[in-house]
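To keep things simple, chains are lettered A, B, C and D as they appear, and every chain counts its residues starting from 1.
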Amino acid sequence: MMKRFSIQLFAIISGVILVIASAGAHLGIIAPSLSAVIAILIVPVLLISVGLLFAARLTDGDIPFMGY
Amino acid sequence: MIQVFDLNVEGRELFSLSFGDIVPYFSVYTGALAAFVIIFILIAIFSLPERQMNIAFGGDAYYAKEVNVPDMRFSRFMAIACGAATLGAMVTGDIFNFTLFAVMVGITNIGIVAASGNKHVLNAAFQYGIVAMLATVPLFGGAALILATTGSLSIWVLAGAGVVPLLAKALLVLGVMGEGIAPLYIGKAEIIRAQGAPYVLMIHFSSLLLFLRVIEIVLVI
Amino acid sequence: MITPFHIGLFAVSLCILVTFLSFLKEKDDLHKLILTDLAAIMALFIIALVGTDLAEALILPGLVVGISKLMALAEIYLVKEGIQQKKNSTVLDIEVLDTAPAILAAILVIYGIILSGFSGGAVAGLGIIFYLAFKKHDEKFELIETVSGYAWVTWIAAFFIFLIFPSQWFLAVMLAGGGILLKVMAKFSLIGTMRGDPGV
Amino acid sequence: MIEYILAAIFAGLLLHGIHRKVIARVQGRPGPPIWQEILHTLKFLAKETWIPKTASQGVYVGVVAISIGLWVAAFALLMAGESLLLLFALYVLHKIVEHGIGLASGSPYTKFGAIRSVVSAASELPLLSSVALIYLITGSLMLRDIEAYQVINGPLLLPALPAAIALYMVILSKIHYGPFSIVEAKELVSGYWTEHFGVWRGVMNAAFGLKTFVLLYAFVMIFIGPVGVPVALLLVFLLMISLSFVCAATPMLAPYDSVTVQTVTTALVACYIIYLGVFA
């Protein structure tokens, strides 16, 4: 059960991690390659959770299984 | 002496472990491939198989095929084994080990579809298996030719020396294409009737990754 | 310069050509299956031609994967063609077969354990073949497989001891000897169970 | 990193919109506005989202995540000037994404799309031959080395013209509404992504926008050389328009014709490579 709250949490955490990673790479704190790896792993999480957040108005954050 | 990573083919060295002259190594290239394989092994472990929709001929009716649990378990085991064999092929630094892993991928590919009781699928798997069996000849032949002409099978040692005959490289590529099922999909698409997305997907996945690794090997040695 | 290697390579290429041509001609699935074994053997021939210690070490894994693939294919062929008829097994019914095997088997197994190692396993295995082949009883494949698996693990563990703690070589030798004894025995005893049980 | 990725997704989606607009204008239709694909993506994100009961859940969701991860990786690789071989690998792995999306849902339409995607595996081979040709000319597969080579010796476009044509074919075979896009032909509804809707569709739209941008930008990087970002973006734009003209003017090929054309291209480039290797 993915409720709206946990989706918000996912979206915010992944967004913050990504921003920190990019900022760190720009400031020279984090190696650019590490920043790239973080981006590869976290961007899907961010996009999917942001998308689900958009859609949460309709389903209250649930991903129900529907079918035949 | 030229090293693998002086060749500017596959990126920086991430890791290498020396066992005598056989050196398993991760470059950016093989490391990325190995990481991808691990992701797919996880998907094969945790994902439930799809339930295929079938259309009843002569009407509008359709139904979902039932998933037989013991068969599903067998397919899953084989898919995981296939992933492990692919991972081995990505990591190994020895050409003969690579060919062995390729053959293992071939065996597990047959295993994945063998669990399906469907006659068409079994027929396709059988024909595919025969091609895969024949492909061991160019695979082992290529490795043996490399051993005979250079006296070594280590990618690390052979890298950049340019002593491997073109014939051996061609045989390796031919063998991998025979072991991978993907080219045969075109002729034998019935294999898609077998149960389960993660498992049949694994067949395709392993053959593509073997192909990617053999290109790296052929460019490096 | 023509070396023996080149002559051999030429001969093998000729054989491979024959094998592949035979595939073009052959239409029957069973015949194709048998021909694939020929192809796999040809692959091993090319490796064998190299004729070094390394090549010798490569033949065994090559053979193993070849055979396992052949077995998988054969299994698929059986299912595909529906060849799984039930047949009652018949065993010779003579008085001496009931009494002698147990004694012979006991002697052989004890002698095998004394010998230990590979040859000991062979002798003890022979004893178990006698027992299983002539005594009517249920097959216990699972038991044999389990024993065989543990034996293999012991063997591998012994090698690790050799590599990591060379000072404990005696323990490793004993473990490896015991492991290989059990392993060979289990493998041999499988032959004794081959008497055409239903489903084969 | 993230700001570049989002900008690239935006640019890629805009390129898709321009693509549709140009096709429409060539065919004498008004066409959608050029930001249509961006709106499309946002619209899909706000739609109701669920997972079909017949689907293999892990694959169904995982493959969407993999598709975006894959092209983010390709984008990061372009920025770092890493190996061209790895870009080729990621491009080939995109085939897994198509195949996985097609197989995941259990629907026959997507399954046909997946099988067609495998049939058109021949579309990867032109890229391999162009990679080989570039390696032969520059002696390195690192994108930064290729750029350095072009700074000294001028753009690779002319010396490696067959490779450029092959890569152009590769991009053409991945673009929507193209002559080779048999995997999403309309007789299969939407091809392999018929059953992905809502958020999944939106995220995949974003991934495919990123894919278009990465492929076009890679073309400019490999064959024109380092020209600075504004000029490179202009060249990407021009390249996209030329692709749109091709897409507008050609009908979609039948699956086997499509595979034949791609295989013949590969064979021609391979012949050129052998010619270079032997005579040059």
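One rule holds for everything that comes next: a residue touches a chain if its C-beta (ideal position, glycine included) is under 8 Å from a C-beta of that chain, and two chains touch if they have at least 3 such contacts.
This one's a predicted model, so the numbers in the text were calculated from it and none came from an experiment.
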Chain centroid nearest the full-protein CA centroid: B
Which of A-D and B-D has more C-beta contact pairs: B-D
Distance between the centres, which are taken as Cα means, of chain D and chain C, whole angstrom: 50
Averaged-CA centre spacing for the pair chain B and chain A, given as whole angstrom: 32
Gap in Å, rounded to a whole number, between the CA centres of chain D and chain A: 25
Of all residues in chain B, the ones touching two or more other chains: 53, 64
Residues of chain A touching at least two other chains: 68
Multi-chain contact residues (two or more partners), chain C: none
Sites on chain B touched by chain D in the complex: 8-11, 28-29, 32-33, 36, 39, 43, 46-55, 64, 182-183, 185-186, 189, 192, 196-198, 200-201, 204-205, 208, 211-212, 215-216, 219
Complex interface listing, chain B residues touching chain C: 96, 100, 103-104, 106-107, 110-111, 114, 117, 119, 122-123, 125-126, 129-130, 132-134, 136-137, 139-141, 143-145, 147-148, 151, 153
Residue numbers on chain C that touch chain B, as the complex places them: 5, 16, 19-20, 23, 29, 32-33, 36, 39-40, 42-44, 46-47, 49-50, 52, 54-55, 58, 61-62, 65-66, 68-70, 72-73, 75-77, 79-80
Complex interface listing, chain D residues touching chain A: 1-3, 5, 42, 44-54, 61, 64-66, 68-69, 72-73, 76, 79-80, 198-199, 202-203, 206
In the complex with chain B, residue positions of chain D that touch it: 53-60, 62, 66, 73, 82-83, 85-86, 88-90, 92-93, 95-96, 99-100, 103-108, 111, 114-115, 118-119, 121, 128, 135, 139-142, 145
